[in-house]
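Please find one structure pasted underneath; my questions will follow.
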Amino acid sequence: MTNRARSNAMFSKLRTGAVIFALALVPVLGAQAQEVIKIGIPTGLSGANSVVAPSVVQSAELAVDEINAAGGILGKKVALEVADDGSGAAGAQKAADSLIFQKKVNALISMQTSAARNGMLPVVSRGKVPYIYTSLYEGRSCNKYLYADGAVPEQMVGPIVDHFMDEYKAKTFFLVGSDYAFGRGMLAFTKAYIEKKGGKVVGDEYQPMDATDWTAIISKMRSANPDAVIFSTAGGAPNVTLQKQYKAAGMKAPVGNLSVDEGTAKTMAADADGVFISASFLTNIDTSANKKFMSAMKAKFGDKLLTPNDLSVPEYDAVYLYKAAVEKAKTTTAEPVIAALAEVSFDGPRGKVQMNAQRHAPLTMYLGQVQADGSVKIVKSFPNVSPGEQCPKL
Amino acid sequence: MADLTTTPATLPRRAFSGRLVPAGSIAGLCIVAVVAGPYFLDSYTVNILVRSFLYAATALTVDILWGYAGILTFGQAAFFGIGAYAAGITFTYMDFSPQTAVLALLAGLAVSAVVAWITGWISFFHRASPLYVAIVTLALPIILVQVLYSGGTFTGSSSGLVGYNTFDLSVEAWFTICGIGLVVLTTAAWFFVNSDFGRLLIAIRENEQRCTYLGINAPRVKILLMVVMAMIASVAGYAYAGYTVVVAPEIGSFVFGTELVMWVALGGRGTLIGPVLGTIAIDVISAYLSGNLPYVWKLIIGSIFVLVIVALPQGIVPVLKTGLRRLWSAATRRDAAPCVAVPALIEAPEGRRAGTGSDAPALNVADLACSYGSLKVLEGVAFKALGSELLGIIGPNGAGKTTLMRCLSDGYERTGGTVAVFGHAIARTPPQGVVGLGIGRSFQTTSLFETLTVAESLRLARYRLDGTRMLSHAPTLALPDSARRVITATGLDRQLAIECRHLSHGMKRALELAMVLALEPSVLLLDEPTAGLTKPERTLIGSILVDLVQREGLCTLIIEHDLDFVREISTRIIVLHQGKVLLDGSVAEVVGSELVRTIYAGGAHQELAP
Amino acid sequence: MSPTVLDIADLSSGYGEAIVLRNVSLSIRPGEIFALLGKNGMGKSTLLKTVLGFLPAKRGRIKLFGEDVTALPTHLIARKAIAYTPQEQTLFQDLTVEDNLRLGLRDDRGFAEGLARVSEYFPIVGKRLSQKAGTLSGGEQKMLIVSRALLGSPRLMMIDEISEGLQPSMIQRLTEILLAERKRTGTAIFVVEQNVPFAFSMADRYAVLKIGEIADDGVAGDELAAARVQDQLRV
Amino acid sequence: MTALVLDIVTTAAILFAVASGLLIILGVLKIVNFAHGGFLTIGGYSGLVVTQLGLNAWLAYPAAVVAGIVMGAVVERFVIRPLYDRPLDAILATWGLGIIIGQLITIVFGREIQFVQTPITGATSVFGETYSLYRLFLILAAAAVAGGIAALLNATRLGLEARAVIMNEPLARGLGINSGHVRFVTFCIGAGLASLAGALITPLSSVDPNMGVPWLVNAFMLVLVSSVSLASLAIAALTLGGAQVLVSTFISPVIGGLTIVVLAALLLRIRPAGFGHG
């Protein structure tokens, strides 16, 4: 190639780039056209949460479709704005910046990592929009604009630990988590709970959120030889790699997993066979509300349906809870909507959900066990479990 | 006397003072823009720009390190992270107050300075490869992130720290503060890189080895620079933590470190304004586009980056600038680069020459050996040389002549024996230290600084004795008499503003000699000073050398192939052969030696015609 | 009539901006032994490096076997049935003798036959095949270099200061081998030397290079020329 | 104890397999290929394609090698070739290339984490310890890679020419070796090896578009301390990888993640030749 030809090629490439910029700007500029209620969904489309995030978006899409088909909220259509938060704090800040200040959403409703949620909260405070957090999490995240409709340790840990102690006569436990707010918080509660019940924690180990090599921890587990192990990693890759490597290492102690959802369990199938999980939602819940929800999801997404799970279904509930609150407050203005959110309830696939316990919701919990085909069998249910002390000051 | 002058192909570079006014007015305009910005921009853009400004300030430090001093660093992200975490941790555990705000700032500065110093100390040592610093600075953010991870709940591990109390400032106030900060920083950086000291950085980038032989402690200069740049990055990180109220491992990560380098490369390394504009443009555009075209956007950035590195290594801004300048001169029919003033040459004070008054021989070499693995290049070399001696070193290829020069000028080179300069053993002294003992060395292949002017090159040689200015140019250039004579005799004094790469080969050799003389050495080591010169040029250099030795009493060692030339100028000749001194004697003795003749002509076993 | 083996016309070359060779012209005919003489630093090696394409010609033209190779990349020039032995770093020190020899051919065909042939000249080479080249003595290394050059039966050999540091007896032996090889294959040989007697003992023609220019040239046979050249090269 | 030894050996095997492609490229081309992470990713996704097509899991390995070689050929021709004289720029350009590869994969396969089937599942008993069969298989795989490279270098004409180019490129060219061609082929093989390594490591974890990046730095460090020798690389992988396992097991996995980088950087400071002799 001659120099001239090379520079020509380069300029044509640059020109192509410029055209793409220009095209990309069109939707940005045309964004604030029609009067709609916009719900922002910053979620982990990439990174650790990318395994579950698409199912969260599906839940929200069904809720919005149903609401719009029934006339919207206060007569306005509802629109979704999805943004990738990269499953981390910095990405979540960028996503929230964009959703709140650029897309001007009326509320944020999303399942995110704890890191992302914490990272976003200062932006939410500055942007002053209601924020419903829909993930199960370590608890005690309190902010004027924040509500949560997922499960907290008080609701999740008991069923698994009790089951191990009763059915497996487990005395010694080994805990493994991802080193961030969720992993640490969940396992701190678990440890206290086990010790309160007379069990012993023979080891607790943490790895960074993006770690995928668990060799050293598995060999520690091997030498500690516990009666049962409990995992609480970030969702997605860490979860799956830990489970896979645990299985491949030939470890036999029963596993309780506080962060695996049914969808992820399904993709792992044989690797997760026998794992106990604790959830406020399982696809097999035998209620008419759940059956209706499941068939609506199947109808809407067909082949593309991602298994609804304990991380995605609260998103569906939360969109309805937000609708009820706006209708009660008769406005989308933040302050009245926030006040109304504690008072409204929604009867959905998880049963009746109302976030009236210090910004959190009492929930019906299920102990499930993953089967060889990846489906989850309900072992026991625990109605109306209280989230306990979460945000006494709010 | 012959004149080495050739008409330069290009005009001299524009002077500093000529660009002072435009630079000042551009800075002023920028300040007006950042003050007025919040009134014109929507809140989202203002919000994004605050972050971009802080990134740009950090990119600026990468540019100074990489673009000017040639230190490819991935580590500035770590210092940004240190500053940010200093704020995050302090405000989380000690709450926010004016006192803790100052404390956090100072803590960030101190920690990054110490870490930078250690990094520099590890990276920059005599004969370190330029790749090594890239490796160490690559490791730095990785180490920082792991340290943050292992901090558990104290550092918040993967989640980082959020929600601490911080400065109670509006986004607009942050915008103005960060904007002004960036303009001031960029302006200061501009003065810095265009000062005499900035030229020193470029010299180190272009030819560090030559710098050390000019008595410049390049490792120390680089460590200092790294410390200062780390502190600036730390302040940017501190502001980031104060503004965003979140610190997470990502901001100190290796990926952020590489992004900074990418922004600098795209904008144009070594241009200051390029990296600043590049960073802001890319960060703002990506904030707008990443939501809509997340993958495509990163793909475009990646592709442009590769394209720029391959086809436009100087980056985009310089290309635009050249285009604009061409347009400008076409429109105004005026040349954009006016001729400018150069520093006035003045007489350097006398008497700083090392070894004056010493009784010891200027150079005392005993049992010198040098080997590479099993290959013995020099063995048992011993000789003394005195002031006013012009010692010719001759010998066939591979006899070890250049290695001898190396061993005399760098304490790390020899593998055995001693070298003493006026009675001081050079021990394991790096070249910059040996220069301090009074040795000046010129190189076999011309070793200059391509983009520095003649005056700047000479000033560099004076750095050891006269120091340098950090933010401006000295109006005068003091040179010893000997260097001035070389300059005037060759006509270099009329070309002080010409960049070295535009000089003719002969002029380069003359400049090289003048630079060595500007060091005020007592012992001069010249490695083929006349290689590649024409006959008249050789004669001129030869007469200058003889004059120098006679007038100033310099001890001079000269390697030459041209035996006629050596014969004409030397007072004594040493013949090296296969790493040993074969003969050490007067010119007549050596020239008359049968032994030398056979070595040079090869036919050891044949009778030769007289 | 077969074309000139090597034809250099008006060649200028050097390193960077320094010009080392100025307007050099010379030509070598098939089967001819041509000696280029000169002191250190006069441009002899530079000339060979330019012919091989290691250095770009600043001016002029180089033809090999009638074909213009001035702008050709080194490896293509080297494949034109020529064998080049540089003055320094002539062997792969960490490779075995056998590997060094194999690299003298473009592929492994004909290796056995070539090896048998050069082993006749230098029996030691055939006996030390698995030894690292770097562990050979200086003289043995020279034998290996020459063996590698002879292996491919080239039509032109370019040999840069092979005699340096060699025993007189070894030089004698080398002269005989090169002459025998020319007789066998008709190869042309371009020797670059400082050792005038060695060069003149086999050369047909010679040229003397002084500061990058040809200062003298002629037919090598006569005693007067030898004396004159010797004088030009002495201290 | 047995498990610890096995952990060290298997970790070293994985590191060796991952770093070998980088090593031969650095050796012959004198270029640090930061797109190495991208090539690992390509290998991982080759495995994913094999999984998605429902083919035999063993096919992932040849598929990865082919994909790596093809990609390597394109990259060498258009990006690497102009940068032979600018090694620092080559680091940057190949890093950018890694980003491009990651984004292209994202566009084609989506950015979520996906899983690849494992050709060997389960555990076996080794000296009384239950141990992952796949990790044991990786020891074999690494040995095969090492044997393959050694055979290629020592028993083929190309290997001989490559070694000649490594040791003394001008002389090699003077003997008629087309060093450009040797570089091209070497780069392709290096890319193929990287891709194979990517396919080998994915059954242990998962594939995502940035899966190669965490491996890159460790591989880079190992290659630098082994000064372009296959044997030294094996030693470096065993000692530094062993140190990593020990630190992870007895101190903390987080500090363990630093071990290779820190030890390698210090080693290079003290002894620039690393584990190589020189």
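Order as written gives the chain letters A, B, C and D; numbering starts at 1 within each chain.
The rule is simple: a residue touches a chain if its C-beta (ideal position, glycine included) is under 8 Å from a C-beta of that chain, and two chains touch if they have at least 3 such contacts.
In this text, all values refer to a predicted model and were calculated from it rather than measured experimentally.
**Q** Please indicate the chain closest to the centre of the assembly, with centres calculated from CA atoms only.
**A** Of all chains shown, the one whose C-alpha centre lies nearest the global C-alpha mean is D.
**Q** Centre-to-centre on C-alpha atoms, which chain is most distant from chain B?
**A** Comparing chain centres, A lies farthest from chain B.
**Q** For the interfaces B-C and A-D, which has the higher count of C-beta pairs in contact?
**A** The greater number of contacts lies at A-D.
**Q** So the centre of each chain is just the mean of its C-alpha atoms; given that, what is the distance between chain B and chain C in Å?
**A** 42
**Q** Centroid from C-alpha atoms only, then distance chain B to chain D, rounded to Å. What do you get?
**A** Each chain reduced to its C-alpha mean, chain B and chain D end up 35 Å apart.
**Q** If you average the CA atoms of chain A and of chain C, how far apart do the two points sit, in angstrom?
**A** Inter-chain centre distance comes to 76 Å.
**Q** Scan chain C for residues touching two or more other chains and write them down.
**A** none
**Q** Residues of chain A that touch two or more other chains: which are they?
**A** Residues 84, 179, 206, 208, 210.
**Q** For chain B, write out the residues touching at least two other chains, lowest number first.
**A** 146, 149, 296, 303, 311
**Q** Would you please name all pairs of chains that touch?
**A** A-B, A-D, B-C, B-D, C-D
**Q** In the complex of these two chains, what residues of chain B are touching chain A?
**A** Going through chain B, the ones touching chain A are 42-44, 47-48, 146, 149, 152-153, 156-160, 162-163, 171, 244-246, 248-251, 285, 287-294, 296-297, 300, 303-304, 307, 311-312.
**Q** For the complex, which residues does chain D have touching chain B?
**A** On the chain D side, the touching residues are 32, 78-79, 82-83, 86-89, 91-93, 95-97, 99-100, 102-104, 106-107, 111, 213, 217, 220-221, 224, 252, 254-255, 257-258, 261-262, 264-266, 268-269, 272.
**Q** With touch defined as at the start, can you tell me which chain A residues reach chain B in the complex?
**A** Counting only chain A, the residues touching chain B are 6-7, 10, 13-14, 17, 20-21, 24-25, 27-28, 83-84, 88-91, 93-95, 97-98, 101-103, 114-115, 118-119, 121-122, 126, 143, 178-181, 184, 206, 208-210, 234.
**Q** For the complex, which residues does chain C have touching chain B?
**A** Residue list for chain C touching chain B: 14-20, 39-42, 87-88, 163-165, 168, 193-198, 211, 227, 230-231, 233-235.
**Q** Quick check on the complex: what are the chain A residues that touch chain D?
**A** Spelled out, the residues of chain A in touch with chain D are 45-46, 48, 50-51, 53-54, 84, 179, 205-208, 210-213, 215-217, 219-220, 222-223, 236-237, 240-241, 244-245, 248-251, 267-268, 270.
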